[in-house]
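Paired with subunit B in one complex and with subunit C in the other, subunit A is shared by the two complexes that follow.
On to the complex of A and B.
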């Protein structure tokens, strides 16, 4: 047995988690020095069970994609032939196209607003000490801890009482609320890792607070800004639980549109729509991960 | 620069966030507490004041209690299954010698990015009468008629597991990968069996992650109405379904407000008890 000591505080865990959260991916895991721990017995059993969990997670998603290319009229097995007809049907369906537009605009605006608010809050939490900080820290993640149904009901009834009708604005405000804690968590984690010495250096060279922020802090923070925006966009784009309470009668987002279509039965069109959503939500983090790395290199490819 | 301006700055930076939280969260929650004492009259108008009717209805009608217990039961079963099923791949990724640990983890997190409603309805393709399982069973001649595998409690729990498992795996993994491997090696040198070392060293040290994952699974599971609506039958309604029903279908908003408070208090108690025991920062940990 070697005597090499292993550093207890290896940040691999948090790095990996952040990577998963930011979905950057592809960065090689650092090899940890230390003893080679003997494999637990039953390792092959553990491996087999893990593979089964992967199958459990991916099989239903794979079947959605598979069935979306099935030419059968019912959207079910057996597979009859390869066809793009359900994707063409999607394109021709005005309700779905407009739901997509709504979701994209909503997600984009949510991401911008939520990330701006989140960056300011994170700066206060990481760079300053002030009374009541612990309480504020808890308050900032409260929207995660309150059941989403309750968020939906409370905001809806409150704004009704204020005579603010269901509208796109209500939807936007609600989505900012539910995405804010995630943005704050992601940005705070990154900001903690940026040493304040850079900002202090800028200040000592005569930069004011604004200049310091826009020319030093923000560029360093760019990966987290992207991760936060992406997080906010995805959560907004996917949300159905609270959105069903907030949307007005005529407005549908993609998830609520799917929900409405499901009321009849599962159609092959839903599978095609599912495939589009899957491709979109899976490729977005990858693109953003690439963009974040590009920015991390200083924006010069 | 005055120190006063300096001490004001954090509050200035926090003001948009705190404004958002006060106006969109705190005030609405306060409002529904008051609103739950109002009445919805037959004409559809609200009657203000202090009426206990909604609360009397909740506390005396066994229908609500049964569904509340049923909700806790489903969320509890789901949480336990997620803990058992999620621990294994988390342990595997934390201990594998494969180089692409991050990729393995990322793969399991991928479904987290995929729309919840798509993932939920994808089970119809698996379990429905025209789904994969029935298709295979019929092709093999095991059954002649498709089995009714959907719209029951197991299908709701399965759908919830698929939704919640990534939360569990991520939290357990974060805990497991923070454990000093020397501790297990030491236990083994001192004569512990591999399983003994796992029970006495690894499992206790991974408890924070397991607990955080369980909290998330329970709270998110107990607060859902989409999964029971899509994958459950009429007897699988959960508490959030009652709220949805009251607000969207019956338009009895004061009752919906009262039921929302019940759900908030029940799940809030769980979160508070957990926070006292474990602290809430473990949950933030899985974000970085």
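On to the complex of A and C.
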């Protein structure tokens, strides 16, 4: 505060400087008691906000799960009774079962192909030097940045231009394209952390490049490989936008099937299907996480 | 030069460039069968690079490397049959100790029983017979080091390559491992290249020491040679504690050079020394004398070896007790000298006037560029 009084007392000090000094002094003095704001009110406000956010996020999911066990056709509360009838209906619905099969096959193939390519690409990026490396690395990651609609249309137009008809293979290729960046990011991060000296040791003991990869690099990379596969599977399993562009006429995946069903009516079967998907996409990471930890311990215990 | 078949590794004019930077040049070196050769030098002098070139982990820019008489320039590492021990052991963390040690045996066409027997013997050799089922993370640093060694020797390599294998261990353990490593090497009779920047390690373990600086070899010789007869100022100052005195040649007779040491500031009486000649010197030539700190003796004269004894006076300016030894700083003839002597009953004290003795064989004369005369 001394600065303020001083500048006031000095006639040569310009008005602007005076205001700046006053403001500076003011902020400094005002901030200190600010820390002493009674904590409880601030924190309870934040707590309340977080709870509301979570409720907002999870309530619809909870509703879907609850309604899927409702014995009534109409989604009203309170629930009329507990039943598995919508799950049974689901099981009896050929379209859904076949969509489920398509999704599973597509997801697994995507995970396997995407992870294989991702490992190879990461090895090249992390362990070798070659011209254009930075460019290729960027190209591998860009599908994350390009909006999926654009990606969907682009690939479609490209295939039109090549006059290749839509097929399951095309859909698979597309899914590999959108999941690859995630795999590459996860695997690269892990590979950077594995010192090349392990590979050098293996080679010095007589292992060639392949043997070194399968006996040393891959086992050490396993947690990342698992995580990558998981990402690839769940992304592929959940994808709607790009899949709508790429799937051929008769093929439906679970999300596109739901999408199609929603156009007619809101059947409780959809709730059941949603519940199945939730269970699948939540349990899979948990299982994989457990497996990864098991591997990290060297496959013991 | 020895017969080719007695040479385990031969480097001929080997060179390594990283872009325009020369990491190693003019490396010409024979590593005889069964010998323990140490690459010694300050950080960044190219020791690791040299070792990695022998191992095949680094390509060579020029020259030739031969292992057991076979040119290996183009032979990939996994076909060189070498045992490599890395600084941080590099044990495979996902494999048990038994699997780690047996790793290299997979590529050597052995049946399971033979392989298991070899693993057992290797673990016995490194004195850790009961850890087969453990994992690397469950062993101490010293134990991991032994396993790394077992893994390298179990494949019966032609050459053993060790890059600062002891540097990650604490001091006591390092001494033990030093002895252990040397015992194993001798028992196996395997040619060994050892990289270190620890001169104590190098002098204690090696048959031959290669002192390197700036990517080049400075001197090759037995530990005794490089320590007592350094051929350059670099070697003399890198190993142990040395005094460097500028001097002028006054006379050369019967293999003895008489030198007048240049007096420092203060206008003191210059010291005159007789040193055994190690080159051809002219009268009036400016040279440098290298005297090891432990070769100067305070008080008692050392036993003569036939040559004359130099005796001169000095004043102790500082004493630095180091347990067994004391390091004295003595001013003599206007020069400040370092003297390291064992501590006897009556060590000299600061301010004492002392007599210093130096045998004529115990100093080396270098030319004024800091190298031996040729």
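Here, the second predicted complex is superposed on the first by the 253 of 301 C-alpha atoms of A that agree within 3 Å, B and C clash if a C-alpha of one lies under 4 Å from a C-alpha of the other, contacts with A are read in each partner's own complex, and residues count from 1 in each chain.
Criterion: a residue touches a chain if its C-beta (ideal position, glycine included) is under 8 Å from a C-beta of that chain, and two chains touch if they have at least 3 such contacts.
Predicted model only: the values in this text are computed from it and were never measured.
Peer 1: Please indicate which partner A:274 is in contact with in the superposed arrangement: first for subunit B, second for subunit C, both, or neither.
Peer 2: First partner only, subunit B.
Peer 1: In the overlaid three-chain picture, which partner chain does A:220 touch, first (subunit B) or second (subunit C), both, or neither?
Peer 2: In the superposition, A:220 touches subunit C alone.
Peer 1: So, A:200: does it touch subunit B (first), subunit C (second), both, or neither?
Peer 2: second
Peer 1: Just to be sure I read the superposition right, which of the two partners does A:55 touch: subunit B = first, subunit C = second, or both, or neither?
Peer 2: Once the two structures are laid over each other on A, A:55 reaches no partner at all.
Peer 1: Report for A:95: first if it touches subunit B alone, second if subunit C alone, otherwise both or neither.
Peer 2: In the superposition, A:95 contacts neither subunit B nor subunit C.
Peer 1: Which chain makes contact with more of the residues of subunit A, subunit B or else subunit C?
Peer 2: Result: the larger residue contact count on subunit A belongs to B.
Peer 1: Residue by residue on subunit A, keep only those touching subunit B in one complex and subunit C in the other, then list them.
Peer 2: Touching subunit B and subunit C on subunit A: no residues.
Peer 1: Please give the residue numbers of subunit B that touch subunit A in the complex, ascending.
Peer 2: 7, 9-11, 13-14, 16-18, 20-21, 24-25, 27-29, 31-32, 35, 85-86, 88-89, 91-93, 95, 99-103, 105-111, 113-119, 121-126, 128-132, 134-135, 162, 165-166, 170, 173-175, 177-178, 180-182, 184-185, 188-189, 194-195, 198, 219, 222-226, 230, 240, 243-244, 247-248, 253, 256-257, 260-261, 263-264, 267-268, 271, 280, 283-288
Peer 1: For the complex, give me every residue of subunit A touching subunit B.
Peer 2: Per the touch definition, subunit A meets subunit B at residues 1, 5-6, 8, 10, 12-14, 16-21, 23, 25-29, 32, 34-35, 37-42, 46-47, 49-50, 53-54, 56-61, 63-64, 67, 74-78, 116-118, 120-121, 123-125, 127-128, 130, 136, 138-151, 153-161, 173-174, 176-177, 180, 182, 184-186, 188-190, 192, 209, 234, 237-238, 240-241, 244-245, 254-255, 258-259, 262, 266, 270-271, 274, 277-278, 281-282, 284-285.
Peer 1: Write out the stretch or stretches of subunit A touching subunit C in their complex.
Peer 2: Going by the criterion above, the answer is residues 195, 197-198, 200-208, 211-212, 215-216, 219-220, 298-299.
Peer 1: Residues of subunit C touching subunit A in their complex?
Peer 2: Answer in residue numbers: 55, 57, 76-84, 86, 88, 90, 92-96, 103-104, 106-108, 135, 151-152, 155.
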